[in-house]
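A, B, C and D label the chains in the order they appear, each numbered from 1.
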């Protein structure tokens, strides 16, 4: 079995109009910039995919990565916890103009809904958001004298994930706090596509230190020296690059 | 002329349906033998409930590491690409539908796909283990079972009489006499031992065997 | 004579209540400053929502690693004993009540312990982050806040007027003028700036300040 | 902060009559034999603790570890998935004599209930056990056309856990499949007491490979070369040892 993908265009070729796509990362850490940009390349060349529902903690920063995906007009709906950043202009303008739908989810609930999607748990109860506007319309139940809100699983057609080491079986490790939502999204998507900084042979990752076992991964593409969103933004980058 | 398949032969037959690269959980007992019969050129990845993916066969006697066991508490070995994880992640793989195939034993299977394999009734100590999770945990849930009980009574029934493990979960039965799919609430005969007529097989079966084209010969090697 | 505490001074005061070895989450903004003011001899262990326990202070400018950031997207550093984990495990720590202290900012706090700190109303882009989880995530949920708004209106109220972050969750308020506990649906004044009479403080507060013994002087160093 | 405990008696000193105690392990792998035996020593010396509710995947094997805990009469109730083993005589006899209560839980549901206890999730829905005797009396709800059973969290007063490496902050690693329920139980108990094969200094465990972060641990005791239940049983051991 070999889940290695030869290049970025192949990696994102299966994503179709209207699909739900989870994108890993918390701010820029763990954001699969190269996969996102490959998806933008496809859209620029073909007009597809569009009308995507994207799941991410944030809503992009500056004009690269997720922000660029929104800016070119591929995203119909965003499910996130914190659509603010140092430079949130792209999402903000589209949201205020009614051009993009927002489902705001508390961060821990977002993480748990994604895990639930991967773990076959269709619903669970959490104290989070009880008594707030974000609980409106959701079932409430009392357990042991305390009120809890029922939340539902989140699944996706695709997950775009950034990892550190990977092998052809799909086993993954992450780098520091770039782990964040990535391992959860691997579990919750029908197709999980991962960019890794380095491909290694099976067995080179100590079985004790595998964070995402290969069963949750469908494709792996090696992207050495991946871009950091934070660095790109400090350099004033935008994507697609504007011809000078 | 084969009059019934041995457990090894049933396991061999089940192994022929496992694709290269499939993620597979094999239940404790007879189903564990399936791993031995993978067709050459194919390599399944085996999952065990207690937190290993991609383990290898049993170690030589005397070289067991009792921290490296499968769900049947038998010693296994590492292979390149093995991963360890805790029990909640392990059953996330199961419940979340990430396995391709689960192969289990059975006391009874109903034409509805209901399975009874955990309890023979109120006597004794009840034990369920991971069976009730596994029946909801794979795209294909197959059963390896003798076609009839030791007393000659059918194990494939219209409805189970023993406590259920799961409702409508079984997709294929590898019996000692036949390969039978469960589809739309009916048993569909795919293969049968050539030495048995359809009528003879039907008389050993507690629910109607339907045909979807002629049943193929169930032919397995001597094992 | 101090007429109001600066954010640093509020953070300093909050830091005095954190025990050695406490697990602490500091909200984005002013609360982050609490880490700087740990009394000598005590070492809290800081948790950040994005999956780090036991991180250290900011690195020197130019030495940031943008894979090693806190929930405010600011660069942090490793310390001996740091651990990384994914977001679901991180919020298991929060929601599961494993934190000793969470310190958050506030728009409004009610005497019921209700907190409003995520939305100033329907205008603009709503954003909640981890605030709604954190208010249910610690044995002590404290707030650092100016006692009144920039317009001089009370932020400590009988009932919140802005959208709630959580119901009955705040246990202590470190304001620019006082330290106030929330207990049994009442504000209980523990400490106040010596330059303010109880009456003066009450006039800046939107709900009754109760006393449980005399209020101590709120004394903090120049910072 | 130093969570190091000086010895086994101190480690188990806080467990009182009637408490719920989670005990890690799957069969013998990951079973904290020395902690269990220290608890038995206390009972033999003082008559306490007794009337315990124990959560474990199994019900003991032979006459050591959990089986010995049951055999000396400390366990009033067992919550487990599979009360069978190579030599289940101790539990079997007491169960059939009505001397011990059994709550049988499917294995994946047991794991998820423990995780839920640690994660502040009072209830969740699972397809597991739907339509079976083990779902009797539990709420059922339909999500997306499929029926699910509502299950509740499991928490404990104490967890007794076996890990491999540990540091004084409580960070832990495990050894191979001895991981199993141990990290979950760390999360779900008010007091988690861990025996580790080796204590190391903070920082010696790579932060990427910490399986249980110290926040879930209250005490750590070093037990070099811990006993394996399987080996003890092959040697015909029993506990407390019978004087020859």
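Annotations
We adopt the following convention: contacts are C-beta pairs under 8 Å (C-beta built on N, C-alpha and C of every residue); 3 or more make two chains touch, one makes a residue touch a chain.
Quantities reported herein were computed from a predicted structural model and do not represent experimental measurements.
Touching chain C and chain D at once are the following chains: A. Simply put, of B-D and A-B, more C-beta pairs touch at B-D. For chain C, the chain whose average C-alpha position is most distant is B.
Averaging Cα coordinates per chain places chain A and chain B 36 Å apart. Averaged Cα coordinates give chain B a centre that lies 56 Å from the centre of chain C. A separation of 30 Å divides the Cα centre of chain B from that of chain D. Multi-chain contact residues of chain B (touching two or more other chains) are listed as 84-85, 88, 91, 94-95, 136-137. For chain A, residues that reach two or more other chains under the stated contact definition are 112, 115, 119-121, 126-127, 174-176, 207-208, 211.
Arrangement of the chains shown, judged by which pairs touch: an irregular graph that fits none of the line, ring, star or complete shapes. Listed by label, the pairs of touching chains are A-B, A-C, A-D, B-D, C-D. Remark: chain D residues 26-30, 57, 59, 81-86, 88, 91-92, 95-96, 102, 104-112, 114-115, 126-134, 174-184, 211, 228-231 touch chain B in the complex.
Interface residues of chain A facing chain D in the complex, by the touch rule stated above, are 112, 116, 119-127, 141, 143-144, 146, 148, 152, 173-176, 206-209, 211.
Those residues of chain B that touch chain D in the shared complex are 48-52, 64-69, 71, 73, 84-88, 90-91, 94-95, 114, 119, 124-133, 136-137, 163-167. The touching residues of chain A, when paired with chain B in their complex, are 1, 115, 117-121, 167, 169, 171, 187, 201-203, 207-208, 210, 213-216. Against chain A, the residues of chain B that register as touching in their complex are 20-21, 23, 43, 45, 47, 53-54, 78-85, 88-89, 91-99, 136-137.
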